[in-house]
Amino acid sequence: MSFLTAFVRSLPSIWDGIQITVLATLLGALLALVLSFVLGLAARSRHLLVRGLARAVVEFFRGTSLYVQLFWLFFALPILGFKLVPLACAVLAFGLNYGAYGSEVVRGALAAVPRAQWEATVALNMTPWQRMRKVILPQAWPQMIPPFNNLLIQLLKSTPLLSLITVSDITFQMDQLRSATGDTKAAYLVLLVIYFVLAYALTLCMNGLEALGKARLGQGRA
Amino acid sequence: MLTDNPARKTSVSPVSTAVTFDQVVKRYGDHTVLDHLDFEVRQGERVTLIGPSGSGKTTILRLLMTLERVTEGVIQVNGQPFSGLPEKQLRRARRHIGMVFQQFNLFPNMKVLDNITEAPVQVLGLSRDEAAERARDLLDLVGLADKADVHPTRLSGGQQQRVAIARALAMRPDILLLDEVTSALDPELVQGVLDVLRDIAQATDITMLCVTHEMGFARDISDRVLMFDGGRVIESGPPERMFSEPEHERTRDFLGAVL
Amino acid sequence: MWDWHTAREGLPLILHGFGITLLATALGSLVAIVLGLVIAVLGRAPTRWVRLPLRAVVEFVRSTPVMIQLFAVWVLAPGLDPLTIGIVVLGLHYAMYTSEVYRAGIDAVPRGQWEAAVALSLPPIRTWWGVVLPQAVRKVIPALGNYVISMFKETPFLSVITVNEMVHEANQFGSDNFAYMEAFTIAAAIFLIASYPTSMLMRKLEKRLAH
Amino acid sequence: SRTEVGTGAPTGDSDLLAKLRKQGYVRVGFAGEAPYGFKDGNTLAGEAPTLHKEIFKALGVPELRPTLTDFSSLIPGLAADRFDVVSAGMAITPDRCAKVIFSEPEFVSPTALMVRKGNPKQLTDLKSAAAKGSTVGVLTAAVEADYATAAGVPGAKVRALAKQQDGLDALVAGRIDAFALTSISLRWLAKTNSGADVQVLDPFLPVLHGTKQYSPGGAVFRKDTDSLRDAFNTQLKKITADPARYTSLIGRYGFTKAEVPPASLRTAELCKA
Amino acid sequence: MLTDNPARKTSVSPVSTAVTFDQVVKRYGDHTVLDHLDFEVRQGERVTLIGPSGSGKTTILRLLMTLERVTEGVIQVNGQPFSGLPEKQLRRARRHIGMVFQQFNLFPNMKVLDNITEAPVQVLGLSRDEAAERARDLLDLVGLADKADVHPTRLSGGQQQRVAIARALAMRPDILLLDEVTSALDPELVQGVLDVLRDIAQATDITMLCVTHEMGFARDISDRVLMFDGGRVIESGPPERMFSEPEHERTRDFLGAVL
């Protein structure tokens, strides 16, 4: 079977695969983003317990590989009596793993906001929450975006691990096509292009966000 | 530049103390910055702190603003002890105090008007409109009525510092702390900021604690000058006397180098 | 559910795989750390005939899966030993990330330092080597550490090109003995034990270099 | 996301078949490996799904709900109750029998080697590969690795590959000298790669622990679902006892009368270590 | 502070020009900073540039140091055209010029001595020992002989600035550019740096171009003061005349605010 015919025939599955990949990436990234902030803020808490806990969670999920985490969530957890649908496993594993990395980004960016800004908020008597929300985070945000972008692309590229847990992502679908046609070159070339397009779209979005955040700080083009 | 303001000085009859430092010690590690420091500032008084670099002037203001914690001793504000309070009460106590920083520290993520209205809205619970009105009055006072919708990064240093003063005043503090508010400015811009502060000193009864190297300004607005060295007040008095006939040799040396 | 005996049996095999994982990570990191620096410096080349193509390569390599890159090189260069390919490709892939890290570090060196070097007529090599890089690299060491850890955990991809690294061994052992739970738990524990000291070290460095 | 607390413990009830009948479908896991179980366009195809569809229809379960997954995830997925049966033509081995239960053999599949066209190393079977110091590719977590080791191929010369297509590509690229797999798989692989410079050698029966390996494959069930397995076996026997029906069902996937399992070959025996 | 130095002034007989700006234009985007600027500095002359913030004083020094490129016009140094040279020749030409920055810009990764020896070793090809000897002499000159093996971050601002001066001098430049070298310093530390510069001015024949707001210093060491505004020299003359009877109103205003 020629690659092209097979490709056209399996377009529906490829489209499914792309959707799965994008869905897992976005949901995973969303959870990771939330966790990044929760863990990143907790890591700066004044309470030793909160700090220690956040630290432990971060070290644990950063320290074990995503592959192993997925395996645990999918295969081991049901034996213990909890069964998550595959996509939920994926989102949870991506969220925890990249959330742990992201929390370091958040922590670093918050630390990079000049201390003087924090002092100004104290002098204006804002509550800790107001300080964070109104002054510190808006300034830290543009700094976080480039490293977040790196993480997002890494997350996108981790989605092939999904085939381990019965979710057929785009890599898996293209692999099927590759087996069916024996045309490794064409299949992988298409796959490279798909990933590049997806990743580049993400990069463009992130660049846009960064420019927006910087404009709000009066940096760059207003 | 040395026009005095006899009107205000006679109208003030200071009765109660605004700030009391009682045997205050501040150490960083084993480096003692303030060494059993004692002094008082009466309500409505304008006090200037002078002294060599590293003598602890900034530290005093930062302790008052609760940006640092005292190592020993007690600070009182309006007769209430102020050090060692839990965060919540601290926040209530802090309301009486405003501070203007050497580096302005405006929030770059907000326009000028929002810089001024943010705290009144968030902390005092004013409505946005009320706060904006108050902010516009203050911008008028500092001569920047037309810059309300500009980003602070687009302003000159002198303009930024005047916005910072307006921001501090928007909280209607009883006590205003000023830490070398002109030393980051170009010489030509210094005058504008000092003029604004002089106007405020004349128009209100606010208690002021200034750290400055502008001796003209110190002479001009202050009721009293405190000379610091070695973590203590080594000399204090009205500016006329301090500048013309300093008692301590250290004060004489210092003034000789700076004036 | 958990069988200690099986776990003990699997440990030596998995540890053997860990040796390869460690080797690949160590040498791969070296490639990434050196090459990333080269890319970052070239990214500041005065002519855009260097800058733009470089940018395109970085963007492309960074955006596409390392698994396919490994496979492509493996198939296209049959003479090369798989482990070597693994080290080079993994290192190259991560060099794209580290180059961004270095770039940030270089950008953070105050302009005044460059200008002082110009004012002293220092030649470009000396400006980079003596002035800019020592300051830039210092700042980014913690961030580089992150990528070393994350490369460490991407070594399982090497199994695609028949390198028997740790997760492959765990997988093999798991399927041979149907002891996936034991095998993967051991692998997870080894990952954790190995990366925790690294990340401690990074925090220490971060604190030391911060002031 | 959905969490079902407490359903994780495998439903080992003898009512499983009843439950399947009631719900009208059975969950099957497959690895996307032609010709055993794979997706052809959008339909489930291959040896195992075709047989299983026939068998489950006879059992009153009209629909197969497929889950595509990695081959190495099939048994863990079954254990974790992700599906009820594995339709992947999985080889019946004692090791696997310790964790799951197998149906009676659905087919036998002697092993073969795929080599570059012209067979430059003059290989015949794994023993010859061992003798000539050739590098042999096998699939990760598949039985051929054990056959190769038993035939005397040193561990360093056995290369584990993730996928069949990887094996062919490795062979073409000169990474391996031979690719060991069931003759059925290899024939299919050569068919899809009709342009590739490879050939499949004649099948042989590898020897493991002193016995010849027929490499029979079957359906896989969770340990405590014997009654489903037994019901399955009854229907399977009807097909395997009728070679004409057998080949009409799965002949197009390369299964001939030669692949029909001999009646003497029993899973119970195969499972003995 | 206003002691003149008649000895030096008479000993100099300036014959050739060190620096010539010939119709130099510098634009950033469509903002013209220097607008067909013309001026000359003779060899051995000490010139001070004054003018309001943003008038382009720093830009002039940066153009000379080739940190920026001219938009139009020609700059000559020692009679050689200097603008638009290829990088290699530029590097050779640049050797005649040294610059001291407002923010010191010492290399934090090198000790004080290495900061000073780096360029002589790398650029002039001196041996490490020779360079170190020269550096120690210079450290002596700026009063920091004991700080050779210290990291610059451990020094006070005034000390850092003096090291920066020593570093620039170690290259034995013909022309020394000084951009507000005291404005980042605490008032008490300013004097030490100015004293060092005054010593150098007296001890050598180096051509100096200073931008400064220290009018006392300008008066003290300079042969000529140039007043900038709107991208041009609006007035120039010896400091005595400029400070006592400025011709332009803009100069008068400026000096009124700064002095």
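Per-chain numbering from 1; labels A, B, C, D and E assigned in written order.
Just so we're on the same page, contacts are C-beta pairs under 8 Å (C-beta built on N, C-alpha and C of every residue); 3 or more make two chains touch, one makes a residue touch a chain.
Bear in mind the structure is a predicted one, so any value in this text is a computation, not a measurement.
*Asks:* Which chains contact both chain B and chain E?
*Replies:* Shared contacts of chain B and chain E: no chain.
*Asks:* Considering only chains that satisfy the touch condition with chain A, which of them also satisfy it with chain E?
*Replies:* B, C
*Asks:* Compare the CA centroid of chain A with every other chain's and tell me the farthest one.
*Replies:* E
*Asks:* Quick check: how many Å separate the C-alpha centres of chain C and chain D?
*Replies:* From the centre of chain C to the centre of chain D is 38 Å.
*Asks:* Centre to centre, by mean C-alpha position, how many angstrom separate chain B and chain C?
*Replies:* Each chain's C-alpha centroid was found; their separation is 51 Å.
*Asks:* If you average the Cα atoms of chain B and of chain D to get two centres, how far apart are those centres in Å?
*Replies:* Measuring from centre to centre gives 82 Å for this pair.
*Asks:* So, what's the distance in Å between the C-alpha centres of chain B and chain A?
*Replies:* It comes to 46 Å between the two C-alpha centres.
*Asks:* On chain B, where are the residues touching two or more other chains?
*Replies:* Touching at least two other chains: none.
*Asks:* So which bits of chain A are touching at least two other chains?
*Replies:* Those would be 71, 75-76, 79, 184.
*Asks:* For chain D, give me the residues that contact two or more of the other chains.
*Replies:* 72, 76, 169
*Asks:* Just spell out which pairs of chains touch, all of them.
*Replies:* Pairs flagged as touching, ordered by label: A-B, A-C, A-D, B-E, C-D, C-E.
*Asks:* Which of the residues in chain D come into contact with chain A in the complex?
*Replies:* Chain D residues touching chain A: 1-9, 29, 32-34, 38-39, 41-42, 67-70, 72-73, 76-77, 79-82, 163-165, 168-169, 189, 192-196.
*Asks:* For chain E, which residues count as touching chain B in their complex?
*Replies:* Contact set of chain E toward chain B: 52-53, 156, 186-189, 191, 213, 254, 257-258.
*Asks:* Applying the document's contact rule, which stretches of chain D touch chain C when the two form their complex?
*Replies:* 72, 75-76, 95-96, 98-100, 137, 140-141, 145-146, 159-162, 166, 169-170, 172-175
*Asks:* Taking the touch rule as given, give the residues of chain C at its contact with chain D in the complex, in rising order.
*Replies:* Chain C reaches chain D through residues 71, 74-76, 78, 82, 159-160, 162, 164, 168, 171-172, 174-178, 180.
*Asks:* Could you please specify the touching residues of chain B with respect to chain A in the complex?
*Replies:* The contact residues of chain B facing chain A are 65-67, 87, 91, 94-95, 97-99, 101, 103, 105-110, 118-119, 122-123, 151-154, 167-168, 171.
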